[in-house]
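Have a look at the structure below, then the notes.
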Amino acid sequence: MSAAMVFGLCAAVAVGLGLYGVITNPQPLRKILAFNLLGSGVFLLFGVIARRGAAAGFGGDPIPQALVITGIVVAFSATALAIALLLRLFQATGSATLRADAPPGAGSDPSRP
Amino acid sequence: MTFASMSFALALEIVLAAVVLTGAVWTVASRETLPAVAGFVAYGLLLSLVWVRLGAPDVALTEAAIGSGLTGALLVGAAARLRSGEEQIVMERPGMVLRVLATMLSTTVAAALAASVLLLPDPAPTLAPAAAENAVATSLGNPVTNVLMAFRAMDTMLEKIVLLLALIGVWSLTPDRFWGGRPGPRHHADPQGVLAFVARVLPPVGIIVGIYILWTSADHPGGAFQGGTILAAMWLLVMMAGLADTPPVSERRPRLLLLAGPMVFLIVGLGGLAFGDAFLAYPMAYAKLLILTIEFAMILTIAVTLGLLVAGPPERECGS
Amino acid sequence: MTEFLTAALGFILAILAVGLVRILRGPGDADRMMAAQLIGTSGIAALLLLGTVSGVSAAVDVALTLALLAAFTSISFVKKGTSRFEADLPGSTEAG
Amino acid sequence: MSFALDIVTIAAVSAGAFFFLAGTVGLLRFPDTLTRLHALTKADNLGLGLMVLGLLPRTESLRDGIKLICVWVIVLLAGATVSQLIAYAARREGSRQ
């Protein structure tokens, strides 16, 4: 049992938890949170693979590490866009639900004068 | 290293993983949104400890800056705005069947991943020697910067364009009558108060640290994203304290800054096509200079892009 | 020495876990924010210890970044979390 | 010399850990928000400060030492601000009930 192994198992559990949250949580914001959790688990798996490839005097294989850095930035972009969409939905309908048959809420749409 | 200290280190890693997973469980399980967000931020913070332990301080920096810090601020803002609609949704909990199925599916996925972690090939495949061999080409000491800026520079350039596209997507959600206006609410605070004080004292320190993180990335962990994120956070702090307002999205200066990084990257890339072997091929003698030029243009672009992404779409007219 | 610092690190992680439980239980928003602050500070302490234990000197840079971003996040957490107290109205954020 | 520095490290890190413990116990056991806040600031100021002091002899260069102290100063500044904001929010919450 090595350090990489411990964190690899930790990553697998994080992915499972994230997946469960994405499916079962009714609030869209919580789904976004859970999706980020899932993504961070995947990044951690990359980190474990990078750690196992430590060679040539480096603490880990730099290629997976660089991929994770790019991945974190892209995940942030996607999260920002998802949150903007969600807030717009809330503004337009007065509720932040994904149900199609939701009753129209009391929210006011500022685009309508 | 003796056996005793080995197991001591292993115990530490198990404790760390357990605390990380506590944060993760609670992010999913908490009933209210704001504590769930706080849990996620704590999880991100602990994850950067894990990255340090995995020998990846570059990733730890990114996780601390973007993954935990800026994402946290974004989520906190959204959670605070959505609070009034929360009670209604809590009612629509999914049924028993769905929850059992979801549990089975996620357990299966987690188990499969765990099995594949345990069955990873030995010795592990690695590109580290190749990265070390080719480091001469750029004369940079940090292998991750080498990969990001030279070996896989195309990915990094496209990633910047993804950031820009996300911002365009966010802006396109603007209600018609606010188009070209200012993002976010106008914050007011007592100019003599503690928030205004910290927003005057912290940003100079933050700017120095941000530039230092970029400057040190040639040979030590760091980089333009990490530095740019710190700059963005300082800018947002100043706006939150009401010392400055968000710029209208129709203004020319922020738009030029948004484009500066990708444009410099593209010009250098095309220069490689004209004078070198391929797109983004740096001539060996100028490699370090060109990479640093791109990174300095990048840090400004990243700071402005991230700041505006967190600020959201315009929701006021220019004057108000 | 490494053993001692590792033990100290384990202790700080335990403190951090207690902070997590505190956010979970609440009861008030103020308690949750205090717990968040405790998590930030103990996380930074843990990072500094971990850097020394693991021999990663760049951990100090990570700690610097974390200190700045944690400051930013906890300030926005407190400000947004207290928005029901209308913290955005002029002059209402501070006691003055 | 190195023995003396080891003693400094052990003493300061232990004292720092003690203040972290004190702050946490206070956060859990003290009766109201303001006293809990008082306990918490001990962890911020003294806990982390003593940890930094203890780790200073372990740093490899002067630059790392300066950065360590910077970390502490930033946390102090942020902690003081956040405590003020929390205290103010708590006072308003209390006066409204």
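For clarity, chains are labelled A, B, C and D in written order, and residue numbers in each chain start from 1.
Going forward, contacts are C-beta pairs under 8 Å (C-beta built on N, C-alpha and C of every residue); 3 or more make two chains touch, one makes a residue touch a chain.
Computed from a prediction, not measured in an experiment: that's the story for all the values here.
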Chain whose average C-alpha position is farthest from chain A's own: D
Interface with more contacting C-beta pairs, comparing B-C to C-D: B-C
For chain B paired with chain C, centre-to-centre distance based on mean C-alpha positions, whole Å: 19
Distance from the mean Cα position of chain B to that of chain A, given in whole angstrom: 12
Distance between chain centroids, defined by C-alpha means - chain B, chain D (Å): 27
Residue numbers of chain A (touch at least two other chains): 59
Per-residue overlap in chain B, given as positions that touch at least 2 other chains: 9, 53, 55, 57, 70, 79, 194-195, 198, 202, 205, 209
Junction residues of chain C, two or more chains touched: 19, 29, 35, 40, 56, 61, 64, 68, 70-71, 75, 79, 81, 93-94
Inter-chain touch pairs (all): A-B, B-C, B-D, C-D
Chain D residues touching chain C - in the complex, by the definition given at the top: 6, 9-10, 13-14, 16-17, 20-21, 23-24, 27-28, 33, 36-37, 40, 43-44, 47-48, 51-52, 55, 58-60, 64, 67-68, 70-71, 74-75, 77-79, 81-86, 88-93
Residue ranges of chain B touching chain D (in the complex, touch as defined): 194-195, 197-198, 201-202, 205, 209
List of chain B residues in touch with chain C within their complex: 5, 8-9, 11-12, 15-16, 19, 22-23, 26, 30, 34-35, 38-39, 41-42, 45-46, 48-49, 52-53, 55, 57, 60-61, 64-65, 68-70, 72-73, 76-77, 79-80, 83, 185, 187-190, 192-195, 198, 202, 205-206, 209, 213, 216, 220-222, 226, 229-230, 233-234, 236-237, 240
Touching residues (chain side chain D, partner chain B) in the complex: 70, 74, 77-78, 80-81, 84-85
Complex contacts: residues of chain B adjacent to chain A: 9-10, 13-14, 17, 20-21, 24-25, 27-28, 33, 36-37, 40, 43-44, 47, 50-51, 53-59, 62-63, 66-67, 70-71, 74-75, 78-79, 81-82, 85-86, 88-90, 92-94, 98-99, 102-103, 105-107, 109-111, 113-114, 117-118, 120, 124-129, 131-132, 143-144, 146-148, 151-152, 155-156, 159, 162-163, 165-166, 169-170, 173, 175-178, 223, 225, 306, 309-310, 312-313, 315
